[in-house]
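Shared between the two complexes below is subunit A, which pairs with subunit B and subunit C, respectively.
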Partner chain A sequence: MTRRTAFGLVVILTIVSMLAACGPTPEPQTIVQTVEVEKTVVETVEVEVQPTRPAGETIRIGGVGPLSAPGSVVGGIAMQFAMNLAVSDINAEGGVLGKPLELIFADTEGLPERGAAAAERLITENGVVAITGEYHSAVGLAELEVCHEYGVPCLFSETWSDAITEAGYMEVFRIAPASSMNSRATAEWFAAVGVENVVSIVENTDYGIGQDEADQGFYEELGINSQEVFFVELGTEDFLPILTRIQALDPVPDAIRVAVTGETSFNLEQQMAELGIAPSEDTIGTANQVAIQPEFWESVPNGAYYVFSLVGLPPSLYNDTTTHVAEAYSAQFDSDPPSYALEAYDSIWILADAIERAGTTESTALIDALEDTDITLAQGRYYFEYTSKNPLPDNGSVPAYMWHQWPDPAVLLLQYFEPNQDWKDAAVIWPEVYQTHGTTYIVPGTTP
Partner chain B sequence: MTIPILWLVLAGPFWAALGAWRLPRVYRKKGLDDAPARLIGGLGGLTLGPFLLGPLWYFTPDLGRWYWGGGTGILAAFELVGLFAIMQSDNLCVTNASYVANQAANGLTIGFIYALMAVGLTLIYSVQGIISFAHGQFYMLGGYVSYYLLLFLSERFGIEVNPIVGVPVAGLVTMVVGFAFERLFLRPMHLGRVERAGEYAILITFGFGFFLQYTALAIVGPFSQKTGTYLQAGSLQLGTLVMIPNRLIAAAVGIVLIALLLYLLNRTWTGKGLRAVSMDKQAAAVTGINPLRMNTLAFGIGTMLAGMSGAALIPVFTWVPWVGMTASTRSYVIIVLGGLGSVPGALFGGLIIGLVEALGAGCYPDPSKGAAYKTAFGLIIFALMLLVRPTGLFGREP
Partner chain C sequence: MIKRLLQPRWIAMVVLVGLLVASPAYLKDSPYQMAVVTGAFFYAILASSWALLAGIAGQFSFAHMALAGIGAYTAGILGRDLGTTPLQGIIAGTVLAGLVGLVIGILCLRLRAAYLALFTIAFSEILRIWLLTEFQFTEGSNGLMLDKLWEGITGVQEYYVMLGLLLGSMALMYWLASSRFGLFVRSMREDEEAASAMGVNVVRYKVLIFVITSLIVGLAGATFYHQVGIVTPNTMEILQMSLVIAMAVIGGMESLLGAAIGAFFSRVSLEMLREVGVFGFTIELGAWRYAAFGLLLIFTLRFAQNGLLYPIIDRLFMRGARKDTVAKRTLAEEET
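Entry: the complex of A and B
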């Protein structure tokens, strides 16, 4: 069949069909047929998604923290232990709203994407009424977006980055110090002991970068010259390339500021001390706050005269709650509780207190109750100064990170002055009001 | 800026790419050996551009001679250093010779330490034909064996011994574990009882690595540990060089163990048997060598070296159950750089990575980012090597 024939046939068929349609109407015929019709109704209904909250026997709180590498496993385990301790203490006193409290702890592995997934799972699958904990700022920043999306309160107990509370979300609260608070204490101490040139070694994470930005602001304000900043990856073992650079600096820095966490900080601090860079007669060496851990001396045997920060109060100022947590922690880990364990313990109590005052686990009421927090726990008296009832001033006189931020975390600077010294025997050198040895700095080789 | 621009026009990356791409085709067209043409073409184009590529193209000399590779390599190194000096005239690596010497000495020291772990991995690959993804965990295990041995001697008998004692013991333990693992899980693969042997080897070594790591985490916990140091000393001043004695001792352990391995492979019947199996299993079997036994031996020696490098380093670096992850990744880079299956290649690969990381971090123009890019510098060399010589420095042609 040629193309022309085919075309002709199609045209003829079309014409015949049209003529048939125009022809006389045939006699109507009645055909009765029963047809079963299955009708599918598709309807779009917009429903506001509410987190699953089973009206069960318990009130569930979500805990988040790193229990696997690359996160700080030490930090996560300490926080999990302290939270469980708080839950068992609360339940021993009758629970909350007449129900037992239940902690569901999720491992965030120190990875932001895992943290966000864990927070979402806790809210949508486990039906937690609030989330608390977290050790790493980068992970906290991912989690707070989930809390904000679902309108569930998040109380961060350890993440330091200013950005955590700077976001200004109603759902986000923090009881750990912001990086700027830590920076201020260290920078003011540097100024007090006459530091003119400082070198910073900073981990390449949200915590480290945030900490350094805050440091630089205070250095500028106090007239301290930031000679050099070195960013390093967490997990680095060999620091000699940058330490050799520091050795070649002219003038020799007056202080080296370390904003590196975990075992990475131990490697850095030991190599710095072994090379004789710091702590030395010329250069002050600061160590990360994990220097209070007992393994510090095993990893940094040359660590005498390092200065390190302590969040919270020294044992001499412990209250009954702190002593209780310290005893339980010591029985489990054979060491004193670090600040993040105490904060994790307190965070559960703060949430329990808010639920009790709100009389419900409904998010809005819970957030409202959290804003009115006023309770004294292991780390002191907790309250949030800048809330929806007392907003941040528009003129910028108060930093944005103060939103839903506990304003009073104590940041002390301590200094070891003997090898293998217990951190409780280290000298408190700053702020002056807490000084234990009457000095703001112990020069290496001397005794206070 | 005139010289760098001139260099980019008359030599540099464009001519390097052209030389590496075109010269092997010219050699092939003339029926000549084109194996070294890509490397020499790349280096020749980089250093002298058309002035060297033209004559090579026209005369097509025998590039297999050592002076072609050596000469163009040295010229490229000098040219790049010269360009760096012109463009970064105030950089410490240009103005301070003792600084460069210190960085290089530190790089070489850490390079020997890197190499020790990598030689075990390359030995396993050379004989077994598989990459062990549990190598980093054997390294971790070696460190812990040394740690707990020293702790046991100290607490049980009150004997404080030097951490060097832990090195052979750790080697023994990791070798026994390696033997057992090979016999139980890898031998069925060599006997043809496992389908898809390549994938099986990856999965089984990967799985065993996880098992070791998480078992260690469950037993010893996440807290960092470290033995005492080899010497109670601070830094060591050698002229203008400032070194850490404990690190030098760890590097010395690495040098001695690599020397012993080379002696074993080249001077003993067992070593020759291992080399024979690595070259041709069937031919080796015909001469009376049992390839299965050699497989087990190679795996055991490989894991022993990983364990000994762990034990040598636990007095230097802080130890945690996941310490092997970074170390093993670096070892994979080193053995590919040096040539899969080549022990001297692993040694040179380790030294190159050590040097490149130290000088890269030390000389990078922006000091704040130098240390953060440390690993990337090694990976750049790795990528370049794959580009111009996919078999690595000492690798055999497949």
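Entry: the complex of A and C
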């Protein structure tokens, strides 16, 4: 054999071994191998080989989320932590159907192709009975096709795109808010407090433009007049030209909607308050959701009475389960749990509850049990209003994204009513079911 | 001819292709492994075409993922808005990627090395940001949905489509690299002025190499993302392009085959390293597998600058050619 031929063989062997490693993982099971051992005499010995995770001894749930770039690694880590916490809590209470629950978490990297591959692996190689999690909508859209193909239930905990549930798949459920639910909250609140004319100040990005497009649709639907929309560049420091135009508007707007993020929103909000435009007795002032950051009061000292949105629960609305998750999360990350961590925790419990009620891990029975979900967890009471037993109306009166969608995700509006107030002490004013101070709006100069 | 075909390099090549063609018989029971290998073919096309552009022609571009994205987005948008079939979309995406490559090639005529790299990084980032901000047209970060290549396509069929693309593009690139074209672009890489002085039309070949590699990645991107079903601007992140380059460097950036095999093994290994079983324990490596990949890249750059696979490819494919050249030269010297 020449050296060249030997090298050829090395290449071939490398490829063969690589392909062998790519081969299907055998179903984990107890295998009885017969091995011939040659000593002085030849005898047959039975050796029991135990795989790492024997099938049937645990019930496996697949977790999906980004643990590496370009995905949101912080989000993925928080979700993985919360899911592991839920699994450990469930197992401490005896597991599910008398067996321990096992979480297999797959890094989806924020890329649809990786998400689809991860879902494929969890279902076909790891034998999970359901999949939950995901942070990025685009990745979720790729994953749900895999779940649909295999008929495996998939409970999305942090993907907002309407398209996730709009597909109307039996296998797909969601407990995060749909994008439209989030956009709609402010418009619905405007209608509830009697706003007739609204001015929007919007950043010229996909967030800002998209938010404004959604808002305009809701305003029209709810009979609110959009007086003017001002588009601004991120990084703008001087808003006087825009604000003087607003001051000249007739009639005076009832509300100013701010869809500007980061430091730019702080500049805008301070100048708006300083000029007495909003929040004022005549005009409601809304701030961006970054108003919960400590920097808000440093940059917006006149920020009392601003209204801002929050997805998730403030500590004032925590129940015992939320407090338990918050304590564990805080011990690990030294901060309050974001909504996606609470959702991830709850999603594992929802699946465990469905398996327990179904009495089996068979997909159809599990989907059926998920449709009947009624359980109170860290974020509140979970249920799915529109299911195969209560289909979406044909007349289009209910948006298609409400299919298998939790109707009450915590999309809240909060209002500061004191200067330098901690966001955790701000009043929850909307929706009414979450109100903390018994009011839908605190007029500037008053206290609730 | 028969003697030539019996050379170990041809035997190795036939066996390699044979294994790839026969693999679905083994992988068909594991849709996941099939999807991973199919995805690895896509990266092999990207890495080998980048090796042609950067390793052989010396044009260091970071626009490969962006061009693949152009192919995919064009196909997706045409399918959504004009109702074109995936095949029509793929053709249009490939052509547009080629046209963008033509423009980049013309714009970059006077740019070299770091300046060209910076230009293409800027181009990729501008495109990515544009795709994010013009979300009414591109669906932004939610991603643009693409139809499957055809109704009811199976994983095995997707495997063969990408394998066919890989083999076709490799054949084209090998033909180019071993032709006068390859000789000219190599001479450009070594010394542009000298090549020009020797009669190489540097302008034409610089533009041509950009157009050809852009067409290849545009075609691969449009086809692959039709299989995935969705494409997002995240695909064009500079990190993704860096991975393609790292794969080509590990395999051997001056070798088309080395880069392709390097990309294939890297992609499959990164997937296999998600979970590692050690003494009955399962270790989830998560993002740490990229750290291992980075270490491998550092090792390659320090100790095997021609790539880890280059010594093997050199022995299999180039030693014979070198011997022939030396023999011819010796014979010529003896005759004179």
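Following the convention adopted for this analysis, the second predicted complex is superposed on the first by the 236 of 448 C-alpha atoms of A that agree within 3 Å, B and C clash if a C-alpha of one lies under 4 Å from a C-alpha of the other, contacts with A are read in each partner's own complex, and residues count from 1 in each chain.
By definition in this document, a contact is a pair of C-beta atoms (placed from the backbone, for glycine too) under 8 Å apart; a residue touches a chain by one contact, two chains touch by 3 or more.
Keep in mind it's a predicted model, so treat the numbers as computed, not measured.
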Partner chain in contact with A:377 - subunit B first, subunit C second, else both or neither: neither
Touching partner for A:256 - first (subunit B), second (subunit C), both, neither: neither
Touching partner for A:74 - first (subunit B), second (subunit C), both, neither: first
Subunit B versus subunit C as contact partner of A:130, first or second or both or neither: neither
Touched partner set for A:348, first subunit B, second subunit C, both or neither: neither
Superposition-derived comparison: subunit B or subunit C, residues of subunit A touched: C
Partner chain(s) touched by A:442 [first = subunit B, second = subunit C, both, neither]: neither
First, second, both or neither for A:313, with subunit B first and subunit C second: neither
Overlap of subunit C and subunit B interfaces on subunit A (superposed complexes): 69-70, 73, 204
Touch list for subunit B against partner subunit A, complex: 92, 96, 99, 102-103, 106-107, 110, 217, 221-226, 228-229, 234-235, 242, 244, 246, 317-318, 320-322, 325-326, 357-358, 360-362, 367-372, 374-375
Touching residues (chain side subunit A, partner subunit C) in the complex: 2-5, 7-8, 10-12, 15-16, 18-19, 21-25, 50, 52-53, 67-71, 73, 105-107, 110-113, 116-117, 120-121, 124-125, 136-138, 141-142, 145, 161, 163, 204-206, 209-210, 213
Interfacial residue positions of subunit C with respect to subunit A in the complex: 8-9, 11-12, 15-16, 19, 23, 26-27, 29-33, 35-37, 39, 132-136, 140-143, 145, 224, 228-232, 234-235, 237, 239-240, 265, 268, 271-272, 274, 277, 280-282, 284, 286-287, 290, 312, 315-316, 319-320
Subunit B-touching residues of subunit A, taken from the complex the two chains share: 69-70, 73-74, 77, 204, 228-233, 235-242, 244-245, 247-248, 262-263, 266-267, 270-271, 274-276, 293, 295, 298-299, 301-302
